[in-house]
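The first chain written gets the first letter, and so on, giving A, B, C, D, E and F; residue counts start at 1 in each chain.
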């Protein structure tokens, strides 16, 4: 595991915006673990608490959200994430509205991340409406957050516009960056297992599956290393 | 001034929902001061920070909001308010949407107030669109907050539905309750003066005007006491 | 009880639009029973199935809706209502949108009622947002239903614009019509009791309460008869 | 008829905002004629062109709108109105959205009226949804038009915020101003007749009806003069 | 033509969601005919009745919709479709709203299809806004229909969540499945001709054009058979 | 420079729809200059006036819009554009609503262009939300403008449906047409420099950059000529 790099810690704050608890773990957890280990300060912003994600008729949305927030906090802690923010929008009904962009922009202006990790909303055949909405809203909020004249009511008490330098999009159909996550695959698997309510019977297969997919990603990207997470990188 | 009443302190939490800094001071500040003095715990929820309320072209919305939040905090402190929450929606553009109700309901479920102070949205010829929207959204949020099946994604980690017992509506065209605010009129005037960016040249006339209106309110309500603030009271 | 009047049966169809199962019984059930007994054809249109109306955390929205639709069908049958239509919008979240008006207009154009019974949306301090929305949407739909150029996509296969002659608004703050419901109060009480999930412990007091309120309504309207239901009547 | 008053002409511009052609003539035409005769500059802003207002299945919306714009222009000319603006929103579907307010505010900032004539949206039992929406949007736009920070994208090329001094609301349930329109009733009747597609068979009765109603208005307002138009007046 | 296959009939229900009458015939009619012939139960859900699809100024939207519903029923009958449902939204104005998704989800939960046929909303340069909206809404509704906590107000009286196994998207820019429709091309042509109001002068060329395109589809997909309809297949 | 071609002038009107002043110059200005030189009549429709496009806290949105409209008019004049229309929606907040489509359709029906130049909304990773919204709204408006039954309230006083023949999309990820703009590159550079508030320090590099990109476009399109602007062309 890499040593903590004090320079990187100063320079690099990372914001992960996702729709549901477990999205970051399924999408970019090994990268998160690696960056946290390098001393970067990672914040999670979860737009919903996954309150609809169960087939069990006895599990009410609030109870499920309680459970899933705990699972998410536990997974995040294991990866070295410093802060987890829940906005508690209703799961399954996200839409890329001005109101949602405004909320995400407020977080960006407060956290001042250098880098955004978000879902790629352009992925063809991304059928989960929340994933499209969360990805698009995160990017549109990043656009707004840097403009002094957009959502100007937020620029209070020292809060200033903030320009994120790069967005790394996961679950992309069109990746152009492959992060070498050798050494952090185990951490990703462990973090995924913390989402016990979601992985369920799948837990057993997880180590094999996760490794296989990370190997395949590295191969598709023609990378020399064994395990990759793939991203589409945008710059502003 | 009444002595602190420890029983009341335990029993009574009050939430004031308003559209702009200075709305509570213009609407119900003497009552707030009186209740705070009795030991009630008062929270302010300001939906906007009044970022549009200036004619000065050099004063940007964010600067104005910074100023007005400070004025509001100062006025609230003077009245004995314990907490001031700003949601920083854009001034002048409030609408009673599900998204706004959801946010207010979340505050209600967290603060668990016994009593709501809000703007009367039914007042005929209430021409400020924010005042209509803020009043209606506060009441619709109070309705939702008590239902276990509404905004169920909020009922996380011990947060439960909460039923507010009474709403006292200020700026009502149809009051049916007059609060004796003798002894707290001076506090109201002082609190109003803290909103220096808004009262401006009006500051001088404030003591006379505020007293005159409170006397008139008491008289209209056929009350025996000298100074009143008038309310329409609703119960759930 | 009046004899069936074949002429009235031909001439008079009545549509009751309400937000939740039990709204018609709390609002105008004795009048419905009387009119049905006179041979009028009464249809109920319920915009929601009351799926949020319980404090019981084990009762899921769908189960509750199932229960309440049954209660509503049973109450309606007892009153002589011929048809009950459920649109199953989510309880507690009604808004007077074009989409909702369109749906109600479609029912109006199909059922061709001479008379509309709906909630008075102008009642000051009507705090239930669904009641305001349901009343306003019903009236706005009645407006649209009569226009050949509004929602013209509905005028298919013999469906024509339809002008409702009168709207009778219940739960009004401003009634101008008092219907003599002597002889039908018992039916109203019985119908209310069918909503067992809602009246609960209140069931015992119902007979006394309902009679008292109907007596008071008659008295307020300066009517010679004993029991009244009060309405605000609009004409187009 | 009063002589032209050059001072009034300089001082007074009037904006009439209405939902459909013929609304101004049914609501305030004699007052408009009187003010125009006094030298005031009157502008009409019609939010729709009344394209749905016919029962004739052969008359397409566009043809009807063409006809009604001509009728409106003709009636306005007869009353001395200087300018008629049509925004051509779809008749029957007006909603008080931010987009509609923005459009009306742009007209206000360009025309700089001292006085607004609009429909009273608070009139209880105003069942035409367009009338409620048009009245409320006009007032909310007047509020916005005066604020330097609202719709700031409109303040281009010398366009400045503009504060309307008074709004006179017609079709009010609560009038407090009665304009003496003796000498202008004939003009109102003539203007109404220009709306031939709308008054139809009613044309014959118009003179009697209009006079009767104007007499009744004067009487209800306890005015000494014979004919009145009634208004609720608001000031900012 | 294949023999009826009783096993398939039991196992396979198919729902076709489209924006306008004739969309299914232009998109997937030979496949529909083939599957119906195999004993599958096919339902059509038409979001609009194509009420705007004419250049003839004398043909009102309602008349046109009447005509096109008949054409659609006739075409569907010829293909062996068992049920045709019309939702009668206004043609040309479809938007993928929660309200539209809710309606489609209700149909899915009632019809319980194993397979969905819908328009590919990701096709680049799909310029018909209704086609994008209809395709996306169908897929988002399919997502929601399987979740016990989404639109829970619909789960009434035995209606349960329903998971569609596969979506076959027609008019795709990215097909990965080619259905051998040899033997059913004639049926497709005949069904298209039933849309007389739409194919008009094009009718003569239809047989040649349809065969040419089906041949081209088979060729592009490198299929051994002569005629294909092409699909992008998604699984949940 | 080509001679004026009177035939082309008669046949060809061009409408450019863009989100902000300078979008046309960055996207298709050399083509515009060439076509204008050939005698085509070019109209610019700017949805916003770019009122948010500055980092300077002293520059209010209205002042900035004033400046940018002037820059845009100056650039357009230099290119030979005949008319520039500003709709003054708020910069940074464009959404493809029915209201926006309606406004653009009204312009199309009035200007009757044969050809539309607009932003490609399907370009993957087009992160500016205004660019996606402006492109999509322009195309959806073009669809609506040709339909006699869509926005029929606009077909007033001789205004008829209008079918644009072709849309040329700039900033496309998928171009299929390369316009030879040799001889007009200098004009494009000059026009860009008119947007002084935007190009700023970049002005110096502009000539080199613009030429380099135009050369690269021609090369990517395998064109024999030196400088190209690339487009995706759609036909209705």
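As a working rule, contacts are C-beta pairs under 8 Å (C-beta built on N, C-alpha and C of every residue); 3 or more make two chains touch, one makes a residue touch a chain.
If you're wondering where the values come from, they're calculated on a predicted model, not measured in any experiment.
Listed here as common contacts of subunit C and subunit F: A, B, D, E.
Farthest from subunit E, judged by the mean position of CA atoms in each chain, is B.
Chain centres here are Cα averages; for subunit A and subunit E they lie 36 Å apart. Averaging Cα coordinates per chain places subunit A and subunit D 55 Å apart. Looking at subunit C, one finds that residues 51, 57, 60-61, 91 touch two or more other chains. Chain pairs recorded as touching, per the definition above, are A-B, A-C, A-E, A-F, B-C, B-D, B-F, C-D, C-E, D-E, D-F, E-F. Residues of subunit C that touch subunit D in their complex: 98, 122, 139-140, 143-144, 147-150, 161, 167, 174, 232, 234, 236.
Per the touch definition, subunit B reaches subunit F in the complex via residues 57-58, 60.
Touching subunit E in their complex are the following residues of subunit C: 48-49, 51, 60-63, 65-66, 69, 86, 88-91, 97, 99, 106, 151-157, 159.
Those residues of subunit B that touch subunit D in the shared complex are 51-55, 57, 61, 91-93, 95, 124-125, 127-129.
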